[in-house]
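Residue numbering begins at 1 within each chain, and the chains themselves are lettered A, B, C and D in the order written.
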Amino acid sequence: MVIQVSVCGPRDCTSEDESNAREVGRLLAERGAVVICGGYTGVMAAVAAGARSAGGTVVGILSRADRQDANPDLSIVIPTGVGEARNGIIVNSADAVIVIGGSWGTLSELALAMRRGLTPVVQLGGWRILDRDGRPLPGVEHASTPEEALARTGLWPGR
Amino acid sequence: MVIQVSVCGPRDCTSEDESNAREVGRLLAERGAVVICGGYTGVMAAVAAGARSAGGTVVGILSRADRQDANPDLSIVIPTGVGEARNGIIVNSADAVIVIGGSWGTLSELALAMRRGLTPVVQLGGWRILDRDGRPLPGVEHASTPEEALARTGLWPGR
Amino acid sequence: MVIQVSVCGPRDCTSEDESNAREVGRLLAERGAVVICGGYTGVMAAVAAGARSAGGTVVGILSRADRQDANPDLSIVIPTGVGEARNGIIVNSADAVIVIGGSWGTLSELALAMRRGLTPVVQLGGWRILDRDGRPLPGVEHASTPEEALARTGLWPGR
Amino acid sequence: MVIQVSVCGPRDCTSEDESNAREVGRLLAERGAVVICGGYTGVMAAVAAGARSAGGTVVGILSRADRQDANPDLSIVIPTGVGEARNGIIVNSADAVIVIGGSWGTLSELALAMRRGLTPVVQLGGWRILDRDGRPLPGVEHASTPEEALARTGLWPGR
């Protein structure tokens, strides 16, 4: 079965997040991975645009029950109608999760991915989570470039 | 955007349902539609096999949070983890819903599709619903062959 | 633990459905059962009003993520934000399901309750479901009065 | 309508979290608030026990579709069957959210509550979230005692 990578990030993102997301999308498509995202604007639109520019397949898992506001670069649209509960569906669909930038919705996806504990979770920019003693939580991989983000998923070991 | 058709039906289906599902899957793939289904066995497996035999794309929207028991003909797997609530997601993702055969789970999908009221719903075999006066409920299209099922969706008017 | 009974029915119901729902709510409250419903208007409002008139507790499981349009007789409000997926939550929360009247949303609840197969499902009025040979599906109990609906749940055998 | 306060926290919690949760439950019940929680063990069990000790009402919003592992102090049990998507339902049901202790599941609830942005969110112990410049995110209230946690919800201004 084809590799599926979920890319999470805010609607309102920085221009650096946007450019990182576009590049992550392009690189994933080049490696033949299906990109899964939330299907709206910001990081979601950028990763979709990047993947489509390289001929990739992008699945948008929408919170709404219809296609309103879905971005035009999605190959397949899943209007769940379950609101923010779609965040967990994005995460459950992934062989690896790449988180770009920070927002409360994005943090819920990162947390659900770590809660699930089955697949690599890589952060590229964004927020930091500390335990009650002020130490970084173990388990989240950190990357500083799109290339490194893909490498840290461990899905393409030969490269 | 590509046309998405959801095909619903029971795990435990008749051999006629299975052969209808396989043919519906094949015909949908030939017309370039993405097939969406529940991703497990019975009608779901048959429609996936039919679509794949014609080179089509099949999305499985699973009730489980992981890929256990997912059928091997799925192109893309969405393990929702929301249980039977995934039935509504299958329906919301459709430009048309084709229902093959009968079971309580299948009936919930038919009912949610009619409740939504946005897309054609076509039944091929299966159960019948009567109002309190014993009359068939209006709105559901009935077909007696896979070809007729596709025709009654109204999605390919030129054919 | 207290007995929980879910009562399902349409927003747009007949006056007979409404009066049945009110009486079912009252009887359930008198027996000390918590009433669970969809929390909006029609049958949902009537069963809530009936239960509250007898001092009962009513939980409204809303489709929306906020309390907008919730009916005022609810004791506890659960705005799920998962849309029609809340229908399955109503059903899963029940020691018995009583269905009053008919609509596509109501039928989805009846179907999900039968799919679950764990608790009695009683219909008071409403639609009829036939198998492919035109025979009524076994398993659903039918009642013609509110008193009989409660009796057919089997939850109060001593009465 | 009665005030509903959701209390979130890990299954595996510290003894301090547990004692804080028990006290928060007791205080909420004394003020007449309905306590909403995840319904299992750890912080969820402690807040339920505390609330019940003061005669309060506790609603458990379970991830499972049945009552297995539900803790015995729940007044009302909602087995959603939607898995971790129940976290958002807990949050949507709240007039205020109190988060006790830290875990990835708990963090997802805190994040969803902040994402929603409609109600106060108070942390008592647990993890810290920093933005990309290492600064604490604004909006989350911090308390160091159960009494202070209730005060910071702002729901009982007269006290």
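Quick notes on this structure:
As a convention for this text, contacts are C-beta pairs under 8 Å (C-beta built on N, C-alpha and C of every residue); 3 or more make two chains touch, one makes a residue touch a chain.
Molecules present, by chain and UniProt name: A, B, C, D = Dethiobiotin synthetase.
Nothing here was measured: the structure is a model prediction, and the numbers come from that model.
Chains that touch both chain C and chain D are the following: A, B. For the touching copies chain A and chain B, the fraction of interface residue numbers used by both exceeds half; the interface is of the same-residue type. A straight line joining the Cα centres of chain A and chain C is 40 Å long. Work out the mean CA point of chain B and of chain C, and you get 28 Å between them.
The set of chain A residues that touch two or more partner chains comprises 65, 81-85, 88, 116.
Those residues of chain B that touch chain A in the complex are listed here as 1-2, 4, 34, 57, 59, 61, 65-67, 72, 74-82, 85, 88-89, 92-93, 116, 118. Looking at the complex, you find that chain B touches chain C at residues 82-85, 87-88, 102-105, 107-108, 111-112, 114-117, 125-132, 134, 137. On chain D, the positions that touch chain B within their shared complex are 65, 81-85.
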